[in-house]
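One chain, chain A, appears in both complexes that follow, with chain B as partner in the first and chain C in the second.
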Partner chain A sequence: MKLAISKDLTANSYIIWSELVKNMKFLMAYPVVFVFWTIFPIFWFIPFLLQGQAFVGGLQSPEFAKLAGTPNFVAFVILGGILNSYVLTSLYGVGESMRREAYRGTLDYLLSSPCNKAFILIGKAMSQSISSTLYTITQLAVCILFFGIEITLGVIMPVLLIIILLILGLYGIALMLAALSLRYKQAHDLAHTLENIFYVFSPVRYPVQSLPSWAQMVSAILPLTYALIAVRSLMLLKYNVTAVYYEILVLFIIDVVAIFLGFYLFNWMEERTKKSGTISHY
Partner chain B sequence: MTKTGERMQGFKRVSCPAGVSWANLKAELRAIWESNVKVWKIELAYPISFLRECVQPLVMLLPFLLYGLILIGGRYSEALQGLLGTVNPVDVVTYIFTGYMVMGFIGTAIWAMGFSIRREQWFGTLEAIYVTPTSRLSLVLGMALHSTLHQSISVGIEFLVIYAVFGLALKIQGILPALAIFALMMLALYGFGILISALALFLKEGWIVAEGLYSILMILSPVAYPLAVLPNVARQASGVFPTGSALIGMRSFLMEGYPSQGVGTIFLHLLALDAAWILFGILVFYLVDVYIRSRGSLGKY
Partner chain C sequence: MYSIQTVDLTKRFKKKRHRGIFGFLRRKTGREKAEAETAVTVALDHVNVKIRSGELFGLLGPNGAGKTTFVKCLSTILIPDKGTAIINGFDIREQTQMVRASLGLVIGGERTLYWKLTAKDNLMYFASLYKIPRNEAKERVNELLRLMDLSDRADERLEDYSTGMRQKIAVARALLHNPPILLLDEPTLGLDPTFSRQIRNQIKALCQEEGKTVLLATHYMKEADDLCDRVAIINDGKVVAVDAPNRLKAIIRETEVLEVGCYGPSPDIETHLRSICRNAEIVTLIQGEEAKGVPSRIKIIGGNAEENVDLAIDALRRKNVQITSVNVSMPTLEDAFIKLTGAKLTEEKE
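Showing the complex of A and B:
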């Protein structure tokens, strides 16, 4: 009995490892893609910094402070932009991963292999986490050098914990997206729609309080909202970690629900797709 | 008689118009139109996708508006007034809307035109199109026509929503001259789009070039801020693209109290950019076309 469990564990770890190595090989085969995801998210928030400078006539806005708690809109936008890049990479990286296997002609082989497909997805999610974190570290380094973002050693561990919780929640959502793409094929549209929801309803560029109450309710179910509030509280407002316990707890709950739902939906959709014989359909 | 000869008997031989002639121009215009119709048919076959694409520009505009309003705690900016030299504080909603409206058409040039030929490659129809006696540029221009119409629908939706929710202070009498400037800007952007479509044929990961250029253009164009906030080098670089001059010109006609000096210079600048971008785009397109056909890399990914 113990031997069987140990064998299973080894086999499943090997699946995760192989998937991780495969995705890393893809990443290294296209160094331009790596450079793109490292540099261009910075370009996407630069217009907001320039807009702020033009509208306010400086780099501090007292009006902005009334809602955000800080007049430093530059740091607010930069942190929002960097954490938002996890949304993009998880939705397009993991969410569309199954669809990409279909394009490459390898989905049938993956789904007919005698293994639990959840471990394939874990491997995909782990490789995406590694690449996303590499992008984020580089972006943060650029922002520390050029935009005067300050980071103290004391907040690194709690921020890291919040980012891990954010990634878990996002991958739960990405799993649901991957499941839907097995059945409904148009994964790109679904990913775009989700990206738009995150972009408008999360406090990426502006505080949640500036949204109407119905929009704040949508914002309250998105993991990025809590991650942004917590990270900004620690890094920007210099709060103690005890001040963000609530956000961390809610993030944890969202993670559990999203991952459970993600795996359940994926297994269900996989069965349905296999039965309907539409795996290779476009 | 051979079997092939027998088969050929039933067909009428049709000669293709060529060179500089009225017949050829008519044929190319027809090709442009048919290319446009084809894209519409494909697009409307996916109605949910079409709807999402129509609403997408509005979704991307909202953060600029909300962020701008929160920064100044209202809708009029005195700092912007100082930078632009307007008579009264500037209405930021109208300012951002006019800027972002134009930005959507840059997306048209870069994504829709730039990837028109690449998309045919994905569909597996590129080689079939390449052997037809139609100019490759007609295909790109057909996509440009479709994309301009599509973007106009998106701008219409943006206008209606922003007007209903926030209200817009636009001068109705300025619409015609603003449209003239817009048309000049679009000509230059078409030239730019032709260049990108050539690059997309040449570079297989062309989306990175397109996204990169779009991001750079977004920074170098006065969409949500005047060029005065850019460093000097970036301001100079902005002059190479039509969006900077076009936005200044259009705003001077559309916005109340916006300084109107230098409109003549703007027209001349845009005309020069039109000629430069169209000639440069066509030249690069033909060079790439000859190069990839000589290498036999047309169908490669």
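Showing the complex of A and C:
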């Protein structure tokens, strides 16, 4: 019995690994991606710098501090942008992945293999996380060097935990998107809509308090909201980790619900589209 | 002992009708509602087939006959509306994982592989989906690449392969987990004669030497005739006959077949010839790719062939049809197919 479980665990881990390797090889097959990785993280800051300069004459604003708790507008927005990049990679990377398989003509083979499709999706998600994290590391390095964001050893672990919790919640949502793309096909538009919901209702570029009360209610169900509040509290406001327990707990609850709903919806939609015969349409 | 057994396998697809750009904004009219209810394509209609272990079984039918839907239902890519199938002793509705592990699948041609990956990477990836341990998979992949005569190009990306070579990799993928049953949907479609022959030989060898059960869905009459132990003829989702190719041909053994190769026949030529060759059972026009130098063929089955030769040639000349050949022969599987279904297949390749 134990041997069978261990064998299954090895086989499933190997599926995740193979999917991850496959996706990384695709990435490497297009060398232009390295230009994006090395240059864009640096260019990415310029609009924020110019915007800060235009609005408050520099990087700091006492008016902004009244709402956000920190006068450092640029650092606030940069952290918002960094965490928001995980939204983009999850929605477009994982949410659209099944549709890409349908385009390639390989979806039928994934569906007719005897493995659990969840492991394929986990592999896809992990490869996306790796590329996003490499990108984020470059961005954080620029933040530390030029924008006065300090990262101490004590902060790294809780920030990493929060990012992992954010990613898990986003993957749950991306799974729902992947499920919808099996049925409704046009995943890019769905991803674009969701991306904008995150961008407008989460405190990416402004504090939650700037939103009208009805919009704050929408903000309260988005994992990015809690991740941003927690990460900024730790990195910009220098709060202790005990001050963000609530955000961590809510993120955990969102993760459990989103992942459960994601897998449930994916399996349900897979069966539905197999019945309707539209599963490999695009 | 049967490896594949279907019981009343039925699959219908709803036809979607477009209601114009802003159609979704308005209510459906009574007529549209009635049309929506009846707009159904029956892809498989109570199909009952039994395929013996180790048999090379052909599923022969024109495009749109239901072959691919049949293969997709058996491979659990589609869920049938009614009926079921037992594959290697497992029910496709209840024991999907066991069914999938029992099957090797070739469907959809060369586009079903990752062109940006090498042949080896492709096979290693798919081996992982079949839970083959890494070391075992490496050996198996090398073995299959040797079998396909592609060992020396194993580390090249598939985008640099020819269509035939990619199709060989698709066949190799189906064999990765050494399944007892292979479902092959048009495995030689779009291949040149050399690669077609190689793939056909491999299919034959897999069946004869390794004892695999093969379901070969094809619209190539010669392929089915040459390879298969038994053939099911499928048309409009229904299986109209199942038997050995020779026995199917025997259905019209007593009759002779007149075949005229020609360029430029009009679509109404069938009706015209039917009115002239009155004793013929069937008159059918099989359009060739005339622009590419492949002539069309007119087949007149039954009646007195010698008498029909004079009548047909005379009628065709009057219609300014350019005749390239005239043959009187014994019936082929194609003739049996035409007789059984009233339909015709697309032009055969060499």
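The rule is simple: the second predicted complex is superposed on the first by the 266 of 282 C-alpha atoms of A that agree within 3 Å, B and C clash if a C-alpha of one lies under 4 Å from a C-alpha of the other, contacts with A are read in each partner's own complex, and residues count from 1 in each chain.
Just so we're on the same page, a contact is a pair of C-beta atoms (placed from the backbone, for glycine too) under 8 Å apart; a residue touches a chain by one contact, two chains touch by 3 or more.
Values in this document were obtained by computation on a predicted structure and should not be read as measured data.
Legend: residue contacts after superposition of the two complexes on their common chain; A:V56 is shown touching chain B, with no touch to chain C.
Look at A:V244: by the touch rule set out above, it reaches neither chain B nor chain C.
Within the superposed three-chain model, A:M98 lies out of touch with both chain B and chain C [touch as defined at top]. In the superposed model, A:L111 lies in contact with chain C only, and not with chain B.
Of the two partner chains, chain C is the only one that A:S18 touches; chain B does not reach it. Judged by the touch definition given at the top, the superposed model places A:V200 against chain B, while chain C stays out of reach. Looking at the superposition, the partner that touches the larger set of chain A residues, chain B or chain C, turns out to be B.
In the superposition on chain A, no contact is made by A:A179 with either chain B or chain C. Looking at chain A, you'll find no residue that touches chain B in one structure and chain C in the other.
By the touch rule above, chain A contacts chain C in their complex via residues 10-11, 14-15, 17-19, 21-22, 25-26, 29, 104-106, 108-115, 120, 271, 274-277, 279-280. Looking at the complex, you find that chain B touches chain A at residues 46, 48-49, 52, 56, 59-60, 62-64, 66-74, 77-80, 82-83, 92, 96, 205, 208, 211-212, 215-216, 218-219, 223-226, 228-230.
Looking at the complex, you find that chain C touches chain A at residues 11, 13-14, 43, 69, 72, 75-79, 81, 97-98, 100-101, 103, 105, 107-109, 111-114, 116-117, 121, 124-126, 128-131, 133-134, 157, 173.
Chain A meets chain B in the complex at residues 30, 32-33, 36, 40, 43-44, 46-48, 50-58, 61, 63-64, 66-68, 73, 77, 186, 189, 192-193, 196, 199-200, 204-207, 210-211.
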